[in-house]
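First chain A sits with chain B, and in the next complex the same chain sits with chain C.
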Partner chain A sequence: MIETAARGTTVTASPTTSSGRALRTEEMVLNMGPQHPSTHGVLRLELVVDGEIIVDVIPHIGYLHRCFEKHAEHMTNYQQVIPYCDRMDYVASMSMDFGYALAVEKLLGIRVPERVEYIRIIMAEFQRIASHLIALGTYGLDVGAFTPFLFCFRDRERILDLFEMTCGARLLYNYMWVGGLSHDLPPGFVEKAQDFCQYFKPKIKELNDLLSYNEIFIKRTANVGVLPADVAINFGCSGPMLRGSGVNWDLRRNEPYAVYDRFDFEVQVGRGEVGTVGDCWDRYIVRVREMEQSLRIIEQAIAQLPEGDVHSAIPKRIRPPVGEVYFRTETPRGELGYYIVSDGSTTPYRVKARSPAFCNLSVIAEISRGAMIADMVAIAGSIDIVLGEVDR
Partner chain B sequence: MTPQEIHDGLKARFGDAILDFKADAVTEPWIRIAPDRMKEVGLFLRDTPELQFDYLMCLSGIDNNDGTLGTVYHLYSLVKKHRLVLKATVTKDNPQTQSVESVWKAANWHERESFDLLGIIYTDHPDLRRILCPYDWEGHPLRKDYKLPEFYNGMKVPY
Partner chain C sequence: MDQLLQKLISSDVLVYLIIAVIPLLWVIPYALFAVWLERKVSAHMQDRLGPMRVGGWHGWAQTIADIIKLLQKEDIVPTAADKRLFTLAPFVVFMGSYAAFAAIPFSSAYIGSGVNIGLFYIIAVSSLVVIGLLMAGWASNNKWSLFGAMRSAAQIVSYEIPTALALLAVVMIAGSLDLQEMNRQQSGWFWNWYIFHKFPFVFLAFVIYFVASLAEVNRTPFDIPEAESELVAGYHTEYSGMKFALFFLAEYANMFAVSAIASSLFLGGWNSPFGDFLSGPLWGVFWFLSKGMFFIFIQMWLRWTLPRLRVDQLMYVSWKVLTPWAFVCVVGVGLWVLLG
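Now for the complex of A and B:
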């Protein structure tokens, strides 16, 4: 007998024939990926299954490994690393740059102008919405809902338009530099950003009506892939993954960096409204509610946006003192940490990126044992991985 | 607790396993631990009620370019809200560090990564395989003396 942890029911793993003789069952290995629509990139999950029940999951990663860390050591200065940071989490590039810039600034001990701080936060929060829209839309797609995916991408386009008018790029921005930004906000940006906030608020309700509280969607995700809080902490999970398990933890609130301490917003946690705390639906709904909070932060930041020069604090030559720094920020996927070691020269001696999805993915075996194969897709989708960042 | 207090507590408890303490390091102080005592120190840090380091933020391998390799542990306590940096240094000839996988599961993949890219061997790790490079890759790319192989599986490596 195998207890299916996910549904709390028991299924017979050793069925008997009509004559009462026990049938021998055998474990089978099933490869999901590396090319599979619901692995969100090139990820191979080696599933050990007993019939429809998952006995074990062995993830194989590294298909997108470019050794970002080696590249970073071979640049001629600290700024040149930023485009490589962009390419780690390619659907949340702003957040990746943000963390790196802050880490180097801390090592240098410099402060950036107020205007830069505010613009960075506006961009990071827009990026959070854009990234969550992908996560939610494709998650719907994973479990069989096609329309929300189109709606999410329609709204994300508007955010990408804002990024494009600011820095010319739609996906990989190279926008946040050490000490400043590549471009100031263009004329008309503030109005367009406010328009977007007004436009987007009803769209969240639309998404809720369409997907979040959809009976079929709830049936597919509630009580599936339950991640208890202590397991999440022990595995180093972060972001919506950790908050979905009911842990009230957000670096923007608990360890405020940049000027996050000036804004009023609520940290969203999973409460087990339709199932158990820490199930797939909780992780999903945390993302939906975080988009509302991001809108709140953006509106406050736009209202307070100071004047200033975004280039004035960019150092001509970056030469940090001998030492090291570990700096972490809250990206859409969780805690992104940069460990940077400086040997006093103009290039970093060692850059290690602690990527959130890497740690979040490592817990997948723990939460899928005992689930059905079809639930595997729901579980993998709820983790919201970006393989560029897992493999670096 | 401050790193100084934590260090004094560890020193009193573990004595010669605590090798070094650098209080004036740039951005953060760190403590150097004997690599073969990592696990017991880790368990103590996690389970002592005043410390409760329950969250391993990051585990990084580093090549110090002087014949030694290091592992750097960044710890945090979600309960006590304090942080700590530990280091363990080994020689390239005998790169054996005790695994802390049984203390923080987060170390599992991070130690595999560090083994893969730097060749640090974590003793008692349940599944020390390569994780990012292909399983048949030779050498450890993040070492400073790493030379790119000319051929991989009989194929010429470009540039």
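Now for the complex of A and C:
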């Protein structure tokens, strides 16, 4: 008997004939990916299935490994690592750069101008919205709703326009440098950003009406892939994964970095409104609500935005003292940590990235045993992995 | 119509051939149009434009261009596939859905074959589609295809029960299985349509039939046999070129067939909604096709709005929701007819 954790019902693993004799059945190994529409990249999931029921899941990663950490050791200086950080989580490049820049600045012991701090937070929060929009849109696609996907991309497009007018790039920005930014905000940015905030608030409601509270969507995601809080902590899950399980933990509030302590926002946690705490729907709705909170932070940051020169603190030559630093930030996917060892030269001796998506993905087998193949897709989507970051 | 043709042409075989081909003259242009319409409808629901270039006006020739592309494609049969079954499967599927058109009354003057058990024939012959789907899934020698085939077999067989029961409610009122006869009984104003008879039982039967027919033709929210995000493409994963196009054609033909049954049995078929206004054999074709296309549009609307159910939920809907309510309709209408 296999306990289907998702619905609390039991399914017999061995069908019987009419005379009551057990039929010999075999489990089937099914390869999901690396080319599969809903593995969100080149992830390969080896599924051991008994009919439609999943007995085991073995994730195989590494198809997108690009030696980020080794590359970082072989640049001519610290700034040159930033484009490689961009390419880790290519859906949230700003957040990747942000963490790296903060880590090196801590190693150097420099303070950046106030204006830089605020612009960084505006950009990081816009990036959070853009990243969550992709997560939510593709999640709709995973459970079979096509339209929310395009609605999300339509709104994300506006954020990318804002990034484009700031630094010229739409996906990989190389915007946050050690000690400053590549460009100051262009004229008209503030107005456009405010316009976006006004435009986007009703769109969140639209998404809720179309998808979040749709009866079929709730049926597909509530009580599916339940991740209890203790399991989430044991596996090192972070971000919406951890908060979806009801753990109130957000580095922006618990360990405020940059100037996050100056803003008023609420940390969203899963409450099990339509099912169990920590199910796929909770993880989904945490992301929706985080977008609202990000808008709040952006509005406050824009209102307080000081004047200043964004290039004044950029060091001419970066040669940190011998030592090491670990710095962690809250990216859209969770806790991103950079561990940097300096041997006193102009290049890092070692850079290690603690990637949130990698840790989040590790829990997949734990929460999908006993689910069905269709649930597998819903669970993998709710983890919101970006393979560029998992494999680095 | 067959009498007319028999007068003109002496050979019986030729007459039957011509009659057999006539629905094809509708099905193929309709499928081309419906695929284009689906793309435009989905595009406008999603804040896009959809095809805009091919042919000039709103990309009307896009699907024709697509068909030409599919015709030119290499006909790939996977090495490990069962070649004979693999080749045969798309034809069986299309045959199953096309055969249903033989008994669909397009107008008071035209029906492919005026058999007096038309409805029974349609239900029976459209079940053949399942065999084709199973063949396709099995012959592809691909686990995803097999999953899709198994799912569709389970789904279509399950949903035939509420479908047949819902139709039975109407059959009891009409006292006939002949679709032409049923259409004639609904003539006059729109309140003569069966959907407004024996309220609310027949209306409920109509809703049950419509939901179940969505599952029979694998449309969202019941598109799990070809669930793109789960099974890649289900039973037609390995198909390409014209074989794939045949599956596609069969799907759209099926969509029209179930819509045609819905409009014949519940919405008066080829009857004008306004008594004698715009009625007659030719206007009948117009009304019939309009009603059919209306249902097609609703199917598209649902597809681009709703997510997909899971396999067990799909079975739940069939066995624990639709089937019991369909029984309620049958008993309700039966008692009403018996006592009233």
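The definition used in the following text is that the second predicted complex is superposed on the first by the 392 of 392 C-alpha atoms of A that agree within 3 Å, B and C clash if a C-alpha of one lies under 4 Å from a C-alpha of the other, contacts with A are read in each partner's own complex, and residues count from 1 in each chain.
As a working rule, a contact is a pair of C-beta atoms (placed from the backbone, for glycine too) under 8 Å apart; a residue touches a chain by one contact, two chains touch by 3 or more.
These numbers come from a predicted model, not from an experiment.
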Clash or fit, chain B versus chain C on superposed chain A: fit
- line: Comparing chain B and chain C in the superposed model, the one touching more of chain A is B
- request: Write the angle, vertex at the C-alpha centre of chain A, between the C-alpha centres of chain B and chain C, to the nearest 10 degrees.
  value: 130
- prompt: Which partner does A:R154 contact after superposing on A: first (chain B), second (chain C), both, neither?
  reply: second
Task: Would you check which partner chain A:N174 touches, where first means chain B only, second means chain C only, and both and neither mean what they say?
output: neither
- request: Pick one for A:Q127: touches chain B only (first), chain C only (second), both, or neither.
  value: neither
- prompt: Where does A:G337 make contact in the superposed view: on chain B (first), on chain C (second), on both, or on neither?
  reply: first
Task: Name the contact category of A:E324: first (chain B only), second (chain C only), both, or neither.
output: first
- prompt: After superposition on the shared chain, which partner residues are touched by A:S93: those of chain B (first), chain C (second), both, or neither?
  reply: neither
Query: Of the partners chain B and chain C, which touch A:N223 in the superposed model: first, second, both, neither?
result: neither
Task: Rounded to the nearest Å, state the minimum C-alpha distance from chain B to chain C in the superposed three-chain model.
output: 25
Statement: So the chain A residues that chain B and chain C both touch are none
Task: Give every residue of chain A touching chain B within the complex, in rising order.
output: 61-62, 65, 67, 69-70, 106-107, 231, 233-236, 247, 249, 254, 320-326, 328, 335, 337, 339, 341-342, 350, 352, 354, 358-359, 362-363, 391-392
- line: The answer for chain B against chain A in the complex is residues 25-28, 54-58, 60, 62-63, 72, 74, 78, 81, 85, 104-106, 108-110, 117, 130-134, 141-142
- request: Provide the residue numbers of chain A that touch chain C in the complex, in ascending order.
  value: 7, 28, 30, 36-38, 52, 140-147, 150-151, 154, 210-211, 214, 216-217, 219-220, 372-375, 377
Statement: The chain C residues in contact with chain A across the complex are 42, 45-48, 143-144, 147, 220-221, 223-224, 227-232, 304-313
